[in-house]
Every structure is written in C-alpha cells, then in structure tokens.
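Letters A, B, C and D mark the chains as written, and numbering starts fresh at 1 in each.
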Amino acid sequence: MLDQIKEEVLKANKLLQSSGLVKLTWGNVSAKDPETGLIVIKPSGVKYEDMQVSDLVTLSLDGKIIEGHLKPSSDTATHLYLYNAFPELGGITHTHSLFATTLCQHGRELPCSGTTHADHFWGSVPLIRALNEEEVEEDYEKNTGKVIVEHFQNHKIKPLEIPAALLHFHAPFTWGRTAMESYKNAVALEACAEMAVRTINVEQLPVIPPHILQKHYQRKHGANAYYGQ
Amino acid sequence: MLDQIKEEVLKANKLLQSSGLVKLTWGNVSAKDPETGLIVIKPSGVKYEDMQVSDLVTLSLDGKIIEGHLKPSSDTATHLYLYNAFPELGGITHTHSLFATTLCQHGRELPCSGTTHADHFWGSVPLIRALNEEEVEEDYEKNTGKVIVEHFQNHKIKPLEIPAALLHFHAPFTWGRTAMESYKNAVALEACAEMAVRTINVEQLPVIPPHILQKHYQRKHGANAYYGQ
Amino acid sequence: MLDQIKEEVLKANKLLQSSGLVKLTWGNVSAKDPETGLIVIKPSGVKYEDMQVSDLVTLSLDGKIIEGHLKPSSDTATHLYLYNAFPELGGITHTHSLFATTLCQHGRELPCSGTTHADHFWGSVPLIRALNEEEVEEDYEKNTGKVIVEHFQNHKIKPLEIPAALLHFHAPFTWGRTAMESYKNAVALEACAEMAVRTINVEQLPVIPPHILQKHYQRKHGANAYYGQ
Amino acid sequence: MLDQIKEEVLKANKLLQSSGLVKLTWGNVSAKDPETGLIVIKPSGVKYEDMQVSDLVTLSLDGKIIEGHLKPSSDTATHLYLYNAFPELGGITHTHSLFATTLCQHGRELPCSGTTHADHFWGSVPLIRALNEEEVEEDYEKNTGKVIVEHFQNHKIKPLEIPAALLHFHAPFTWGRTAMESYKNAVALEACAEMAVRTINVEQLPVIPPHILQKHYQRKHGANAYYGQ
C-alpha cells in the first residue's frame, strides 16, 4: 500500500512543476496512508525532475522519520498539524502558484464566482490571518497549520467541503482524500484565482466599425469567400 | 463515416488540452454524423492523454447509447439539446477556458472589437442568462441547452453566424459545421476574450528619455553598432 | 538564392506558431529576393506544422504567380504594396499576436517606454487609421498596405527605423531587411505591447509585516538556515 | 575549476530561454571563478540553443579577453563593474523578463508583499535611477554598473541580502554567490514582479447564485454525484 502512496506522491510532486503551479522548488505534496496513518512527503530542496520514490520521506503522525535518507520538506510541520486535526485528509498540496498567491498577498478571500469554483469548493476559499510575532518565533511551520485549523473550526467549515486555504502574505494550501485530489484542488484554486485577478476593468469595450466586421466575416464565410492567411 | 467522425472527435478533445483551453478534464467535444444523425461524444472523466477512439460514446439524437462502454460526458444533455434545435450543427465544444469564463463570471457579452473576432463571429457573442432555481433542479444540463437556444431564437441569431455563447456564471459553448470547426471557434473565442479582459488601464504610458532611446537604437543599428547581449 | 529565401520564409512561418505569436493560421511571413525582386510567401490556410518549402508561393512584385501549386496568403496584396512602396524591405511578418492586437483594438500607438523597445524601434510604433467603407469595398488588402505607406510617408518615418505598424481594429505588421528580421521585430513588438498592456494599476502594493520577512529570509539564508520546501 | 564554472554558465544561459525569462537573445549570465578571479560570460548575439562551452568568453576582472573566439556580451562592462565593486558576487544574470521590466519602465521599486519575496530578498528590490545624458554618452555599460553600485552603497544595502536591482527604463539585474544562484534570483524576481503587476483591481468580485453553487458542488460531490465532463 505504501508503495502505491509513494508513487502517487512522486507523481503529484512532479505534476506541480509540469503544470506550471510551481517554479524552482516552491511547493510540495504529501499523502497519508489510510491503513498505517504514516505520512509520505517530498524531501527538502530536491528538484522535481530528479526526484525518485526512494527520495521521499516517510514519517509518523507525530513527526518521527520512519524511512528516508533525506530531510523532509521544511513545511512538514504544517502538513502534520493538518493531518492530525483533520483525520479525513489523505493528501495535502502546498504551492506558491502565482494567482492564488496574489490573493494571499492582497489579503483577499476567493468568493465563488462561477461553476469552475463550485465544482471544487462549496463556497468561498477563506483567507487565513497572518501569524503574529510570537507565533512566528515560537514554531513557525506548526503554527501555520494551527491558524488554518482554527479558522476552519471557528467558522465551522468542513475541510473536505472547502479543501483549500489562502494564507495572508504567504501562499495557498489545498487538500483532499488523496494526494492526487489535493493536486487537482490546487489546479482548480489557481484557475479560479486567475479569473478573479483578471477581472475586466473597463465599462465599454471598443467596437469595430460595421463595414470592417462585414468585410472580414464575408471574406471568410460569405458566398465569395477567399480568405486564408 | 462514423470512424472518421470518431477520429475527429478524439483529435479535437486532445487539442483542448494541448492548446491550453482546458485544465484537468474541464471540457468536451462532440460531433454529429450528417448521414445517420448519430452523436459521438467524449466519455465522462477520462483523461485526454489516455483517451482512445474506443472510449468515445455514440448516442442517438434522443439520447440512447448506441455504442460505447463508458458513460458519456455529464454535459451530454446540453449537446443533444443544441443538436436537436439547430440541425445545421455538426460539432460542439464546451470548455472552461479562462478568459472566456471570466467574461461569463462577470456577466458580460463579448462585442466585436477587431478583425480577429470578425473572422469568426458575425457580431457580439451573446451572454446567456443563468438558470433559475427551478430550471437547475428539474433538468440542469438539458435546460442549459434550452436557455442557449431560446436566446438565439428570441434574438433571431443564426447559430452558424455567431457560433458561440457565454453562459452567465458558467463557461462558453462553441459550435460549427464539424467538431474541428467548433474547436477552432473555441480557440478564437478565447483569444478575443483574452484581448477584452486585457484592456489597457492607463491614459499615459511612460516614455523613455530621448538620450536613452538614441543610445540603445544606435548601439544596435547605427554606423558603429556593437550590440549583442 | 531563392532556395535560401524559401528556407528562411518556411522557418519564420513555423516560428510564428512555436513562439506563440499566432494561433490556428492567423499569421504569415514573406520575403523578397534582393536579386530577382521575387516575393516568397506563405500559402493560404495551410497549417504551420505541415508546411513545406514546396508549399510556398513565389510571385512577381506585380502579383503574378511564378511558382507554387497553392493559393498565396489572402494578405498577399498588403505585402506586395509594402514591398513596392518600400524597396528597402526584405521581409514582412503579419500576426494577430494578442498584446499588439489589443493595442490595435483600442486604437493606441505604442510609445517607447524602455530599452527593449529602443533596441528595435527608433520611437513610437504608429497606429494606422482604419480603412473607410469605400476602401474596404474596393480593394481591402491592397488598401491595407496603402494606409500604412501613407502614414509613414506623411509622418516622414523611415520604415527600417520603425519597422512596425499597428492597424486600428486589425492587428500588427512588422518588417525588416530579411524575413527573419521581420519575425524578430514581431517578437519585440509583442513583448513591448505586453508590457504596455500590463501596466501597474495600484498606487500602493501590500507590504509584509517585518517579523514574517525576517523569519522567511533567515530560515533560508541565516546562520541557522533550515529551509527547503 | 574553470570547466565547472563554464558548464554552469552555459546551463544558466540556456535556462534563461527554456524558463521563458528571455526572448530572442535578450539576456546573459556570467560567473566569477573564486580562485583565479576570472570571469566567464555569454558571447554576444549567439542563440541559446546553439551555444556551447567553447563559445563562452573568459575575461580578467579588468576586461582583458583571456580565452574565447567570440565577442563577449555587449553588457560585459556592467558585469565587470559589479564584480569589481562587490567581491562577494560569484554570478550575475541580466534579463528583460517582462514583469520585472514592466516595473522598470514604470519606475517602481518592488516592495516585499509576501513570503515568496522574503525567501529571496531581505526587503524591497530597489529601483536604480536612469543614466543622465553624459553618463550614457561617455561609457554606457560601465556607468550602468556604476549607478547600481552607488545606489547600494548610498543606501547601505548589502548586495547578497538584496541580490537584485531594477534599472529605470531598462531591465533587471540579479546576482548571487554563483551563476545558478543569480539565475534563481532572476526567477524569483520575475515571479514577485508578476504578482505585483497582477494586482486585483475591483472591490467586489461577482458571486454565483446559491442554487447554482449547490447544484454544481452536489452533482460532483453529493450522495448522487454523476458529474464527469
């Protein structure tokens, strides 16, 4: 079973790069084995194109390294906090995908503006408050998980119904029942964020003169069409 | 004949992904065989890269599955409604391409702002109203087709002259005489939507000081050119 | 010599697609042989990926087809008008590249805002007026060349100093001493148009709290760095 | 040692193109050998895809060509000035990457708006003033380095803490302890500039009617899910 989980974690991490969700090594995917409760996560600072199954790190839910010769991602404590608080999660993805991160930097939640969003998130994707100075100093990565969990609990949001969070001044986390589902939610979040950032900023778009519209449509589709660039 | 139609439907579905019009499995292409009136459509939830001719689903115009071992796309009822109402259609494409969908989310039609648009659409691409609560509950996908058809009939728009519609809060549909033509109209719609969304939002663009313009142009093109990064 | 010209025209046409300057078949490149004065141009409606040297069309400067089994691009009359008026041109490129075309649709010239522009164009790239109804009816493609030439002559612009024009409601043309140079100017024009369209639309960008800046910089670069996603 | 440096300079130059940071030949990477103090830089005007180790140019810190059959990049004097003023630099990258260059053209520094920035730059990336007429005439490329150095010295910025500069009306330079580090900083600068340029320009994003949100979420995730495009 863990072999299959590892293959999926490897594949999802590589998809982060090939899909354009991350640049350099700015992202990571993990999964939880439903039987053993073990966590498999990306190693720290390894290039996606070079990464192999044997590079992945396996940990227990309390953070002990069970298997692996490399350090786990520096974001591991955030992943572990989320898995511990939300047992229904089977996979977590963290990226700095540029449109979702733009929302984070501006401190904006992502409302549901259309069915692309509704297909994945049952309402607004929340903005999670920035950590205060003490939380940053004390245990930065663990507290990053903690403020996400607190937000979802305080607002009574079920994590599988809104499988994503936007961290103020930081970047998004997404999750799901599996690593691949968390990856797909990262794709969906980025697409919806892209549409939110790319709003239309003029009242009136320019309109072509009718005689040019006529000519161009008819030279391609009319009775005497001759068009072909 | 159906073999050729199937090859074209497969090709057009794969082009959705390779051209960047869809992410994950957010789109589908169908075609109608002009001789038999049978419809060939993408199967539900299959990855574009894995899809084969044998995965496609063949249906009659009233929705009976004639051939295929997989479920047809969940948008099939919309395609069928359009084929039944507009017999001149030979192919239909549905995507969530991001710029056209941004227009849908903002509830904006797409006016013709230039010849790129005029080459494909003989006037504005209309915005189709959102379904009301009853229409959604009763038969969502069929009613999606119905509101498109009603709009075109009420406004006396010929579907092959404006082969596209923007569904409020949802996404675009395009069509044509063939599957490939519907795909090309999806490309054209997205390009024109991209230009509409990317309007220019400042009155005055900055202007370089003349001595820097002079230097850069002359070091590359002047009598003593030495430029080469 | 014509063989070499043909190879270059083929290569430049294929680059239009691979560089992302055109979608579908929305663009064309031609060249003039400096010795014979013959023009080599893209055939009409052929896909870039399938195009071969033998598909190119060779014409005389007055538009007679000298060689080729296909129709020349429907924009041929524009190319010919430019070659006849500006004997210094050796290559012409026409695209509907999306950022330059956005400027055309909004009726905006492109001022020089930086050295990327200054390296290629010695001042603003002009906006050329739209054709009137008579000019469109009479000889659309030839008159498209005519209004470009009139603008350059009336404003005393040397075509090799500003090797580009933005046609109102239409799209850009670029040119150069060779086909490849006209292609490079199309790349440069699109890049500069992209920067013009993507202006910054807020006064104040958000600023991260200092304790988060400190933590993130130090966990990666400080004495006790441990970062690695 | 110099062989290894050359391999890295070659690789980083090729990455400029494959990562999309440069178009045509608009960028260059150099490195300094820490033992000999020799500089290895991209040759002038060579295509990235054709470039080989033997095309690279080796210079002494005072600009004498030590090895190489091609001309060094026309920006070499800027690189040399930076290496001489900041001995801690081991690599320098210059690009015209479009988002960072948009900031340059608008004369805007890049404040730190989030952790993506904080991971690479310990504060704002400064805007460097444009050269005046005399500085351009006298020794343009050398003076480009000089104004960068003056800005960092006057503002007491340590170059390895803020390894980037935005040149007004021109484009960015980045650097680091190695060529590869300077390349990575160019990637990070462009990503952060992209988020700065793509700010959100509306107060209220549109919100989908609740019955459509409900339908789309439930047809995919509810008890009777049937969705699959």
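Methods note: contacts are C-beta pairs under 8 Å (C-beta built on N, C-alpha and C of every residue); 3 or more make two chains touch, one makes a residue touch a chain.
Note that this is a predicted model, so its numbers are computed, not measured.
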{"item": "Same-residue or different-residue interface between subunit A and subunit D, half as cut-off", "value": "different"}
{"item": "Whole-Å gap separating subunit A and subunit C, where each centre is the average of the chain's CA atoms", "value": "36"}
{"item": "Centre-to-centre distance between subunit D and subunit C (centres being mean Cα positions), rounded to whole Å", "value": "26"}
{"item": "Multi-chain contact residues (two or more partners), subunit D", "value": "26, 105-106, 113-115, 169-170, 198-199, 201, 206, 208, 212, 215, 227"}
{"item": "Pairwise touch network: line, ring, star, complete, or other", "value": "complete"}
{"item": "Residue numbers on subunit B that touch subunit D, as the complex places them", "value": "25-28, 42, 44-45, 71, 73-75, 94, 105-107, 130-133, 136-137, 140, 169-170, 201, 206, 208-209, 211-212, 215, 219, 226-229"}
{"item": "Partner subunit C, residues of subunit B touching it in the complex", "value": "19, 113-116, 184, 187-188, 191, 194-195, 198-202, 205-208, 212-213, 215-217, 220-221, 227"}
{"item": "Residues of subunit B defined as touching subunit A within the complex", "value": "23-24, 26, 96, 98-99, 101-106, 108, 110-115, 117-123, 161, 169-171, 196-199, 201"}
